[in-house]
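Labels run A, B and C following the written order; every chain starts at residue 1.
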Amino acid sequence: MPSLALDSKTISVGKKTPWSVHSKTLRGGTQEGVELVEIDNGKLSFAVLPTRGMGIWKGKCGELELGWNSPVKNPVHPTYVNALDNGGIGWLRGFNEWIVRCGLSSMGAPGKDVIVDNNGNALEAFLPLHGNIANLPAHTLSIEITEEEIILRGTVDETMMFGPALRLETEIRTSFGSSSLSIIDTVTNLGDNPTEHELLYHVNYGAPLLEQDAKFSAPFKQLAPRDPRAAEGIDVYDHFDAPLPGFVEQAYFFELAGKSGSKETLAMLKNAAGDQASLVRFSLKDFPCFTLWKNTAGQNDGYVTGLEPSTNYPNTRRFEREKGRIITLAGGESRKTTLVVEALDTKKAIKSVEAEIKALQKGAKGKVHSEAIERFSDI
Amino acid sequence: MPSLALDSKTISVGKKTPWSVHSKTLRGGTQEGVELVEIDNGKLSFAVLPTRGMGIWKGKCGELELGWNSPVKNPVHPTYVNALDNGGIGWLRGFNEWIVRCGLSSMGAPGKDVIVDNNGNALEAFLPLHGNIANLPAHTLSIEITEEEIILRGTVDETMMFGPALRLETEIRTSFGSSSLSIIDTVTNLGDNPTEHELLYHVNYGAPLLEQDAKFSAPFKQLAPRDPRAAEGIDVYDHFDAPLPGFVEQAYFFELAGKSGSKETLAMLKNAAGDQASLVRFSLKDFPCFTLWKNTAGQNDGYVTGLEPSTNYPNTRRFEREKGRIITLAGGESRKTTLVVEALDTKKAIKSVEAEIKALQKGAKGKVHSEAIERFSDI
Amino acid sequence: MPSLALDSKTISVGKKTPWSVHSKTLRGGTQEGVELVEIDNGKLSFAVLPTRGMGIWKGKCGELELGWNSPVKNPVHPTYVNALDNGGIGWLRGFNEWIVRCGLSSMGAPGKDVIVDNNGNALEAFLPLHGNIANLPAHTLSIEITEEEIILRGTVDETMMFGPALRLETEIRTSFGSSSLSIIDTVTNLGDNPTEHELLYHVNYGAPLLEQDAKFSAPFKQLAPRDPRAAEGIDVYDHFDAPLPGFVEQAYFFELAGKSGSKETLAMLKNAAGDQASLVRFSLKDFPCFTLWKNTAGQNDGYVTGLEPSTNYPNTRRFEREKGRIITLAGGESRKTTLVVEALDTKKAIKSVEAEIKALQKGAKGKVHSEAIERFSDI
C-alpha cells in the first residue's frame, strides 16, 4: 500500500483543530507487512490495522491511553496466526487490539459444528475461537476528509467457494476535536443462498482506566454469569480488582435495556476516581447481546476487561443456533450497524452518562442471576 | 520477482501477430504478493499465477472469456489458505482459477489416510481437499520466445523431510495467433524411495460458455454418477441448466475412449448456440480418469462446470489406493504429461471436434450407469 | 530489514583476519522474504536465519561443509509451514538447517496434551512436532563487532494471550579466525504465571562428515534406544553406515557424563578417516538430556545425523511431564544457556577431544541398555 500522509497543514478544512492521518507498513518479526493507519482528530487518536480486518490497535484521548497491554506485543500479521493451533484458540496469538471484531460467520467459543460441504452433505467442522475476520486483510482502503470529519473506509472479504461469502465494508468516522469514533459496518452476503452471520466487537481496556475499584455500568433487564467461575464473582460483577496473577477470567452475559423505539443503549467503564471513562453506544436492534469480560490477571498476562456488544452470545455457533440467536442473511442481503466508542475525561461528563444509564435502568428489571442460566449459557 | 515486459514491438520474431508478456505483483488484501504473468499470443491471452502453483487464473480467446466467477474474487496468496480449515475444505478459500492443478501427493476428497512417519511407524494423517500444489509458489520462472511460440516455464517443489518430495516442472506453451495452450508437466520424485503421486487438472468454465442448454461431450466406454445426488441428473448428465441458487453439485466419473495406440482423447463444453466451445485434449496414458463436475448454482455462488482429467478419481487417497489407481514414482523417477486446452469460436470448428468425438465413440460401448458404481465411487 | 554489509576492509578491528557480515532477503518460491545473515570470521562461516527463529542454515569451516542436504532445498518462510499438516509433522516442510532450535513451550514428538484455556478449564490440545520457535521471526536483530568477536543478537517472541509467553534472546558469538561458534540463549517467561519450557538444539550433519564408518563419541552414564527400531542397531549405535534408501531412523537417548562442578560435557561426530569432526559442548546443568539421531537414509531423502542437547527428551510433553523432566519458569524468570559448536580439521585436535571424552567416561558407568527403558521412552 502506498503510504498516506494528510494533515491540517496541507489540507485546509473548516476546523482549526490540528489533525492528521498517516499510514505506514510495520516491519520486523511477526508484524512484518502489517499496515497501520494512524488517525488523529486533534483530541482522539487511534491506529487502525487494515491487515487485521480493520481492527483498532490502540487509542489515546488527550492523555488517556485506550487499549491494553497484551503479552502479544505488536500487531501480528495473519501469517503467524493459525486459528486451529492450541486446540482451536490460535486466534489468541494475535490478540492485542483495543477494538477487534470477532466473526463474520462464527465468532464465539471454539467447538464442532456441522456445515454443508460442496456435495451437499453434512460435514463436521471445527470452528476455532472468534472466527476469521481479525486475520483477513482489507483489499480496499480510502480516506475522506470532510469539513467535519475524518472517514476511513475499508473492505474485507471473508469468502470461500461453497461459502460463506461475507463482505465487511467498514466506515470509521471521527469528528475533528471529538472524543469519540463511530464504526459503521455493513456486512453483505455476496452469495445467492442464505448464510449465517455472527459479529462481536471485543472492546478492551487495561490500565489506566482499568484499575482497583474501576467500575462497570450499563442498564440491563437481566444478567447472568457465563459459568460457575463467573458465578463466584457475581456479587461484584461491576467492580474491578487490581491485577492478580493467576486470576481466571469471568464473563457475564447481559440482556441490556435500551431506549424505547431506537433501542439505543450504552455501557461504560470508569476509573476508580470517577474522572476518566470510556463507553460504547449502540442499538439493541443491531446488537441484542452484550458480554462483560473481566480478566484482571497479572499486568504481564493481560490485565484487561472487555465490553462486547454482539449479534448473539459468544458461545459455540451450534449452541447459539439452538437458541435461535444467529442472524441469517439472505442472498445479497446487507446488514448495517453502528457502534460508537467514546472517552470521557471529566466527572461531569461521566455523571451525565451515569444519569443516562440510570434513566434506562428505571424501566428495566435489572435481574441479576446468581448462576449461569440455560437461556444464555451452554450448561 | 523483477517484473517482466516483452512484446512484439521490442522483440522481433517470425510472426506478425502482436503478442506480449507482462508480469506484475498484485497488491492489497489477500492477493498481496501474488505474482501474475499475463501472456497474450495475439489471439489467446491468459494469466498465470506462479505464486499459486503455476495455475491459470483467467483466459480470453478473441472475445470469449475463459474461466468463471467465484465468490473468491481475486487470486489468493497461500498465506490466507489453511487447507485444514472448515473440516478440511480450506482449499476452497483460494479457488477461482480457470485451470488449477490438484495434487501432487494427494488431490481428492478430504479424508484420513495412514502415512509412515519419521520413525517408520504408521501415522494417521488427515489429507485435506485437493492437496498442496495450488498453494505452493514457483521458485524458478522463465520465458522463452521462439519463432513460433511463447513458452513459460516454472518449477514448484512440494517437499518435506521424510517426504513426499515431489517437483513439478511445468512448461506452458502457446503458439502465436493460436487458440490453444499446452501444459507440459513433469513431476519428479526427488527422493530415493518410491512415493505416491496424484494429479488432477480442474479446468473450469462459467458464463458465457456455460449457460442454459450448454452441452458436454466426450467419447467414453462408461460413466457413472459419483453419488446419489449425481444419479438424480444422470439422464441429462451432458446438458447444463441455467444458474439455480441452492443447486448442489453433481459429479460424473468417466472411463473415456481414446485413439488406439496414442490413447489421445478429448472432452468439450460448447455453448447453447453451438458457436463457442472449449475443450481439453490429453492421452489416457497420462490421465486415465476423467471427472465432469457440474455446479450450476447461483451466479454469485460460482456457476461453473469443471472438465477434470486426472491420474485417478478424486476420491480419498485411501480409497483410490484400494482400487489400485494411484501412481507410484520410484526414487528419482519423472513422469511427463501433456494437457492441451483449446477454444473454438466457429460452428464449423465445433462440428469438426464433434466428429472426432463421434469417431472415438464408435468403437466404445458408451455405457451410462444410472447409479454410482463400486469401481469408481466410495459407496 | 535494511541489508547489512560490514567487513574487515571497512571496519578496522584488532585481528588481521579477513572477516565479513552480510545480510540479504531471499526471493522466490517458499523462501520469499526469508532474511539471511552470513557471517564469516575468516575461518568459519555460517548463515543465520532470523526469519526462522535465528536458526543456522549452513556452515563451512575452511573447506569442511557443515550441515546436510534435505529434500527441502531452501530456507522456508513460516508462511509455508503449517505445523498441524500431515498428522502434526508439518514442521518437516521447513526442516533443512544445520542448527535449529525446537521449543520453546513444547519441542518433542507430536501428541495430545491438556492445556488450560482462557476459562481456566482443561482443553485438549494437539501439540505438533518440535514446537513453534523455528517458524517465528526475530523482531530485533543487531551486530556487534568487538576486537575479538562478531556477535549477532536477535529476539524472538513465542507469545499468545493466555500464554505461554516466552521470549528468546539469542547471542551468536564467533571469534575472528576461530573454528567455533557459541549460542548463548536466554529464555524469559514474559508472563506473571509459571510456564513450562522445553528446548532442544537439533545440530545436524550430512556428508562429508557423515559417511560410512563415521563415528560418534560422548561420555555417558547410560544410554538406551528410543524404541525397538533403535534397539536393532544398539550394538553399533556409535557407528554410521553409508546412505541406504529406505533406512528408518534410529534415536538413542543419553544420560551424559560431565565434569564435576561445571557439568561441562561434549559430543562429537568424526569422519571415517578421523581427520575431520564437529562437536557440541554444553553443560548438563543447561541440557541434562541428549539424543543421537541417526538417519542414514538415501542421499536424496536426507542422509543425516543429529546431535541434540536438550532440557528433556524429545518425547511428547505429556510424557516428559510425567517423568518430571520439564522445566518450569516462574513469572518473569529467565534461563540462560550456552551451546558451543566446533569444527576440527586435524587428527591431532580430534585425538585431543577424544582424550577429553575418555577422561570424562572414566568416572562414569557407560551402561548401554539394549532395549528402550521406561525412564527415557514412552513404551
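As a convention for this text, a residue touches a chain if its C-beta (ideal position, glycine included) is under 8 Å from a C-beta of that chain, and two chains touch if they have at least 3 such contacts.
Since we're looking at a predicted model, the values are computed, not measured.
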Specify the contact topology among the chains shown, as one of line, ring, star, complete or other.
complete
Can you give the rotation angle that fits subunit B onto its twin subunit C by Cα atoms, in degrees and rounded to the nearest 5?
120
Whole-Å separation of chain centres (CA-atom averages), subunit A against subunit C
42
Where subunit A touches two or more other chains, by residue:
79, 82, 84
Tell me, which parts of subunit B touch subunit C in their complex?
1, 33, 78-79, 82-84, 115, 117-120, 123-126, 136-141, 156-157, 159-163, 165, 190-193, 331-332
Interface with subunit A, subunit B side, in the complex: residues 27-32, 70-74, 79-80, 82, 84-87, 89-90, 92-93, 95-96, 227, 229, 243, 245-246, 248-249, 295, 297-302
